[in-house]
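Note that the chains are named A, B, C and D in the order they appear, and that numbering of residues resets to 1 at the start of each chain.
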Amino acid sequence: MTDVKGDRSLPPHKQADPDLFVHVTKRNDEGVWITGAKAHQTGCLNSHWLIVMPTMRLGEGDEDYAIVGAIPVEAEGITYIYGRQSCDTRAMEGGDIDTGNNEYGGQEAMVIFDDVFIPWDRVFMHGEYEYAAMLVERFTCYHRRSYVCKSGVGDVLIGAAATVAEYNGADKASHIKDKLTEMTHLNETIYSTGIAASYQSHELKSGAWICDDMIANVCKHHVTKMPYEIGRLAQDLAGGLVVTLPSQKDFESPEIGGLLEKYLKGRADIPTENRMRILRLIENMTMGRNAVGYLTESMHGAGSPQAQRIQIARASQMDFRKALAKELAGIEETDREEILETFTDYFARVFTTAEPKAKA
Amino acid sequence: MTDVKGDRSLPPHKQADPDLFVHVTKRNDEGVWITGAKAHQTGCLNSHWLIVMPTMRLGEGDEDYAIVGAIPVEAEGITYIYGRQSCDTRAMEGGDIDTGNNEYGGQEAMVIFDDVFIPWDRVFMHGEYEYAAMLVERFTCYHRRSYVCKSGVGDVLIGAAATVAEYNGADKASHIKDKLTEMTHLNETIYSTGIAASYQSHELKSGAWICDDMIANVCKHHVTKMPYEIGRLAQDLAGGLVVTLPSQKDFESPEIGGLLEKYLKGRADIPTENRMRILRLIENMTMGRNAVGYLTESMHGAGSPQAQRIQIARASQMDFRKALAKELAGIEETDREEILETFTDYFARVFTTAEPKAKA
Amino acid sequence: MTDVKGDRSLPPHKQADPDLFVHVTKRNDEGVWITGAKAHQTGCLNSHWLIVMPTMRLGEGDEDYAIVGAIPVEAEGITYIYGRQSCDTRAMEGGDIDTGNNEYGGQEAMVIFDDVFIPWDRVFMHGEYEYAAMLVERFTCYHRRSYVCKSGVGDVLIGAAATVAEYNGADKASHIKDKLTEMTHLNETIYSTGIAASYQSHELKSGAWICDDMIANVCKHHVTKMPYEIGRLAQDLAGGLVVTLPSQKDFESPEIGGLLEKYLKGRADIPTENRMRILRLIENMTMGRNAVGYLTESMHGAGSPQAQRIQIARASQMDFRKALAKELAGIEETDREEILETFTDYFARVFTTAEPKAKA
Amino acid sequence: MTDVKGDRSLPPHKQADPDLFVHVTKRNDEGVWITGAKAHQTGCLNSHWLIVMPTMRLGEGDEDYAIVGAIPVEAEGITYIYGRQSCDTRAMEGGDIDTGNNEYGGQEAMVIFDDVFIPWDRVFMHGEYEYAAMLVERFTCYHRRSYVCKSGVGDVLIGAAATVAEYNGADKASHIKDKLTEMTHLNETIYSTGIAASYQSHELKSGAWICDDMIANVCKHHVTKMPYEIGRLAQDLAGGLVVTLPSQKDFESPEIGGLLEKYLKGRADIPTENRMRILRLIENMTMGRNAVGYLTESMHGAGSPQAQRIQIARASQMDFRKALAKELAGIEETDREEILETFTDYFARVFTTAEPKAKA
């Protein structure tokens, strides 16, 4: 979805190079052709279809940029350029420890379209620039709520921090236990705001259900901060060794492996290798390949922090809240009563959450 | 519920004065008699019944303190001592502005029991000290989730802050808008964690439903912090006048009222009185009578912050999380697989939230 | 200093009422006459002289508002209107406990000037509107650094919190000790940024020394947040009783005084009255009269938070920092080297802090 | 300095392997021999001398561990094992962009001592275990204050964030400017607490000067958090590309280099390569090799966060603060007056900071 965007102070049709946002270059009876690039699509290489969409509000002059369509990943004219991740080449070193998480990782690639064809029956928007903003808002409403997935990643990191504290013999210290509690409190905040966004979902005219826009944005906005704090606390519990541990090859070396085995032992009953493995997992999640997904993607995926703040402000129905305050302060103003009687949007959902069940 | 507690480092039966926790002083065929005091019961003076309960985990020797029973508020032997609130006497000054919120307020009173009788049919626990902890935990699970009510109070304070910014002519400044967004983000976090705790409720053997213990505690724990930050931001938007405004009597004084009318004007089209009223409402909610409920009661009601941290830690199923981390780190340990296959408690609810609907 | 300001989106000369900022109304050979009002001058009633100053940047058209002059507090034409503070009337109730701090408090008053005369030899600025901004910046540089005083107030509140924890028998709990440490960490941050602003002071052409603008603003900016968090933590340690405690009159009542004496006892060896006194002091500093000074004045005195952010941004010498980053990233750009060789302003002070001593 | 420590719940002489803390294995007329390991010494490979020291409080039974001595880095019996850093192998790939900072980096190595000899004239402590705690505290007092160096690293990262915002065409947005201000506010807090710790230094009996223990710990404690938040904000301003950027080799590839040049252009007047370089610098400092030093070493170097909290608590002179509170609350207690008249330690320095200058 994310176009490469060029100069962010300019709209698509004012960019020095028209291709900096994906756009239609020609069209005929059979379909359209598009050119441009999507900056860094997570998981695109293991998908079957790509759906291109505008990435933001469009205005007059941006008609060619108002294009939504589905394309098979192997369509002619697409070039994928694989992105680098922190510590990416460790996967090619041959061991299974320094990678941190030897089973799972993600990948991002730049997707470049050079006059790629989309037949009309797979074109879902074509020129209706005035709906681009609404489309993006609805898409991100789903997408931001889906970032609740990071609470699952958080479970693993909290578990890793608890494990390393135990391996270090430090798990009984009150400050250690308190930090694990703080990590849990943050992690479950992400989880529960995500769940609440779904619970408070509502039906659109089309019959599709959409989750609550306010809460979905609140959820994602926490995701832009809390994983960083959880990651910081995990490094606190791990100790400095998490970023200075010698390599697996040194551990396996006949010459110095024994020294590392001896000196990197924590609690006597825990194999040194286990301690190494858990430290490498924490490195992987806070600085390495999976930090890309757990931290930076949590920041920017489905919209950067400011995008959520804009949506939270839009959904906040400040006039309703002002009327509440004026009522209690004894301020008589035109429309105050009228506003208070009209529940719409977010407040309608807040005050009627019980109804769907009552009806059922 | 909250006993006066005396020395918090000692259990009930070790206190210098046995009455510092409510306890049974005698019993016969008809019922029991209790003595002691509840420290500050919100709203007790406008209730019909009191239910006394233990306030914390009890142990051996505390048998007489394991008492739950219902008592009419006007029962013989009860003394109520009304507590003071910040700015309480403003309500007796005769005006309707300096009170801040002239319609609503709360009250707390100490409730002292001097051999108050409870007939057996209104005694629900008697001596079973080993269930006191579970009773308190279940009660606070409901009670902590109910603190979502503070998001409604927050709506009013956010509305008041937005109103005063407008009256000051400052509502277009980007930092003002951003602070209102931050207040909303915090407020809706309280709301949505509360909703999620209910959504994830589950049925007990008795047939009663109870909300999710982890999320209810996460909700209440946010309530111990976020209202303070929302209050701080409201004072930021209000300006210093919120705590230095002259009295209503000065405004109404024939001698100096006109000067205040002239000089405390904000935007030319807003009556000075309206500006005063909204400032007094903010004072009321951040320092005055309703700050008692919005701030300090948010801190301590249904358990002080540390009580929630203890429950969050208990509900966190750290062994399950450790097993997740070990799995990904490639650490083989006894029971790892077994733990991963057994979803219980919180994780059982997390991974099966869809089921109740599927069954229905 | 703070004018009443009216509509904050408009400059002084565009206000609906010209008097909403203090300004010169006439002038002759002997001096000038001023009219207007200062909103809430702390401590003015126990001062000998008032110095009026512009409160912000002035522009063309604001010439009459560019006035600085000294006036005796009892000058003809001045009216003082005393502001209300939270819990102000408790001082008139006759007791010495409910006031919280029976010895010390502050006061603010609105100061209204109605054609007040200032002779020329006490006029220090007259019409030079282009220097108003610099004057305000220099004044606030001193003033913001002086807000280090709140760390002294913080010492008292931390001491009160530690005392009440001890009286409650809760001072050995690890979370209590940790919260006292957090309060100290915050409080000493205020102290040390204040000290650093003075250490890094420098001589102006006039021979006067001024403290470091960046650090003075960093200090004051912490003061707009940290006292609120220290206050929140003090309420955490105090327990809910801090806002629900019955009145001194009830304690002294022959009828119920004994009940309160008995039931509000904490640790057996501490007089109940002492516990009451320390709770009232915490109420006084977090919600009552001294909360006005410790919290809200910390927010707005010497400029509201956004005013500091503007100064921090101005002093941040971002071009110098950009050049540092470009150097390390290997980016060749015009002027990069030049910028790096020129230490001015803040960075000049940072890199030459040792010199004053070396010279001495 | 940091021993490998083994099981952190046990003192040195109770470890399963006696070598988990450096200790004396034999001694004769010429000197002592030591065995053990220091976990990860920053910069040891480019030093001339190593000084070994105990790493924490020692007790009875730990006599052999109370050893301080100086050793040339090339002494017989020392083995160095180089630690891995995030993205370490990028330095061996041949390019100068993907490394992020191609000129500077650090290194850590484990230092293993196998019966290494130290002659008596280079032994500074030998068996005096009761002074180990004081030695560590004094050493860390200097060392923690020295962590002010991270504010220089912060200058670079803030500059990099400002540069990338400009390259992206986003530098005029108010939220971007505000985040740069926040980063500066945090960074200068580190700087100014460091400066204040030195300003408030005092002379020991030996004639050596030591910086203020309280403030040095406050400084270092901020260093364990603020760089993480500065790093998070830098990633916010950079955009997601900071962790998904294709490799330098792809940029230089004749086949796809042109596509990257075209599509990764930000502002039209900025070379794409410059944008890449600044993004790689931010990656380097927040996830790569220099994140090891800017983040994790900031956390654990000179003592992990809890170590500072313990020192802050020790230096806080809570009895003095309690006496202040009791004085104002009107509580009469033995010793209150006496305590208030005795300024010692931190408060002595706070209230006499002007004296050294006055004397000079």
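The criterion applied here is as follows: a residue touches a chain if its C-beta (ideal position, glycine included) is under 8 Å from a C-beta of that chain, and two chains touch if they have at least 3 such contacts.
For clarity, every value in this text was computed on a predicted model and none was experimentally measured.
Chain pair with the larger contact count among A-C and A-D is A-D, by C-beta pairs in contact.
Most remote from subunit C, judged by the distance between CA-atom centroids, is A.
With each centre defined as the average position of its C-alpha atoms, the distance from subunit A to subunit D rounds to 31 Å.
With centres taken as mean Cα positions, subunit C sits 41 Å from subunit A. Contact of a single residue of subunit C with at least two other chains is seen at positions 175, 178, 309. Taken together, the subunit A residues at the contact with subunit C in this complex read 174-175, 178.
Those residues of subunit A that touch subunit B in the shared complex are 96-97, 100-104, 155-160, 162-163, 166, 177-178, 180-181, 184-185, 188-189, 191-193, 195-197, 199-200, 214-215, 218-219, 221-222, 274, 277-278, 280-281, 309, 312-313, 316, 318, 320-326, 328-331, 333, 350, 353, 360. The part of subunit A that touches subunit D in the complex is made up of residues 2, 4-10, 15-17, 19-20, 37, 39-40, 79, 81-87, 89-90, 98, 108, 110, 112, 168-170, 172-173, 175, 224-225, 228-229, 232, 235-236, 239-247, 250, 256, 259-260, 262-268, 283, 287-288, 291-292, 295-297, 299-301, 304-306, 309.
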